[in-house]
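Letters A, B, C, D, E and F name the chains as they come in the text, with residue numbers starting at 1 for each one.
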């Protein structure tokens, strides 16, 4: 009896789309205004989904307080009110597109989540642009 | 040409997370404030998804009025403005977690839905906590 | 230069519409299924608005962390995961309609808010039913 | 490393559910008030999902500006502020149910999208009625 | 102790912006694509606000079931799944802009609402375009 | 017959709460993590309200395309994908709190809006924190 439970969270951050091995001219050509060297920012909305079997003892898939704490430790503390390019080590050499941010969040949560669960990440950069990442199959 | 059609509904109910075979102390230890013996409650948002082939005659997967009526009869009449623990027989011995409520809704709708359709249930306990259940595969 | 700053919060609670000086029959006649003796519940969404002058030193009307803490202390701690009729003293003799809950929230916040500010309370019982209360004029 | 990126758009249109080979009586019997000969209308919300591999050079699945332009050219210009039955050739002989509109949008975008991507269409006729179409499998 | 209670509703309709005393050319020049002679349509979201004193006996401003029925009778039955220009008498000679629709809704509800209440109408033509009308002061 | 028409828009920007005449220590003490020297950012949602009389000729309060263009020219072009502190002249010496941003938007739009209209600005910094500014009375 497999089910997916979701928990919603959010963080606010600055970023620019930027490859350090390209000059500003080429970054601007490829990434447009998203590459503004002075940064811009977003309210990121995050939905973390965990799939597995319902625990017949509790009726929980997972105690959502556990999931909430994992998100707080791995994502909110690390990303909220931060400059992703300058202050989050994962993006020192990795372009912080919404795709790459979702993959990084997946990897950070996967490391600490009970391995019996499947994981999926839905990340909204804006209400109009978002991604879903479910790991490599 | 398979498609999924969704219909949104909602109901308001009281519940407590509680196993009758545990004492209040243990219920509180495992379920925290969600086990308040005086109950608390939620506005549950429900999205029912039905998957199958488009009927070439009507262009419908299913007449959504049929689905609306099924949801009304099976879920809204049974759950809305009720105390799930005390008044909904399915939860007399089953802890009304959002996971278990979704499974019960799935089973109730599955029984009356044309068996040619696959069914999925998305149930929001709050805008931040929700589950998806698609039956046993 | 008067401005209004808003902070959104929420709490989940059980209640029934009920006057203790009426019998169950009359309560049911007037309040319908909302008077179910076994209770039902809601996810209440609360928006607290504070009006006054922008502080030229900080550019804040009010530090929203202060407002957030007031809401937490006065409303969330008192109401969240509670049975409003049984566990919240203000409703021991007062029918917990959405109107009366909004007035009680107004009075509780007003008592601890800097008196230089005007206050308004927007309270959603459901996404379809809500009230706004701005105090007595 | 497969990921799905989504872009949200919208259009407003009039339509009626109607088969030209049935008379008005039979159309009304099957489609009810949705078959009103004078038309009614909707704000359609559209979410287009594209699945594939992240481009390691840019960190994009697809430049969402490309996807935005495809949606503008194929859907918004063709459908927005139009009468679907009278002015959109695809519905001259095809009943514009939300199911059929989603399939038509899928086919129009599929024709111009890089074939390396999978495509999915989520179309809301109202906030309560919507469909997901992912092509024939 | 004055409070405002709100009830949300919705209807779907076709319309065109059009003055019958102007020719199509001039209608198109002033109203653009909104004047398409074949009509377009919207999901209108309506929020009706009623202001007055809380009834100390019930704790209600107004029984929201009464307000719900008024909205159903005066607005939903009259406007839902209709062509506003052709089928709603109030717009036979009045251009159905969102402003005028809001005023008409105000007048229809005002006629049947207990005169002790003030009334306000919030009408969304789209999530991005909406109006508030509170009557003549 | 006065009515208010609203138009919704949005922009994404980086900022930090910061007074240049205070050192980083004091800025941090007063503004907390919002004063991060590397900036953070938001998706700002903006609702511009315009109040006046309905034009009996068109049924419009104001052609919302005019309002849309004003918002585009005065706000979106100036603020979107920008660093408010570094790139928007109004905040060179003014702390870009949500309150001050709303006042600046009010002043910029007021300058180009027909003076017969009243103006109000609702600005969301996050879905939980927002302000309304209606000018000096």
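The criterion applied here is as follows: a residue touches a chain if its C-beta (ideal position, glycine included) is under 8 Å from a C-beta of that chain, and two chains touch if they have at least 3 such contacts.
This is a predicted model, so every value here is computed, not measured.
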*List every chain that touches both subunit C and subunit E.*
F
_Whole-Å gap separating subunit B and subunit C, where each centre is the average of the chain's CA atoms_ = 28
*Which positions in subunit A touch two or more other chains at once?*
127
_Interchain contacts (touch definition) - all pairs_ = A-B, A-D, A-F, B-C, B-D, C-E, C-F, D-E, E-F
*For subunit C, which residues are in contact with subunit B within the complex?*
10, 12-15, 33-34, 36, 38-43, 80-83, 86-87, 126-127
*Would you tell me which residues of subunit C are touching subunit E in their complex?*
17, 30-32, 94-100, 102-103, 127-133, 136-137
*Which bits of subunit E are touching subunit C when the two form their complex?*
1-9, 49, 54, 58-61, 64-65
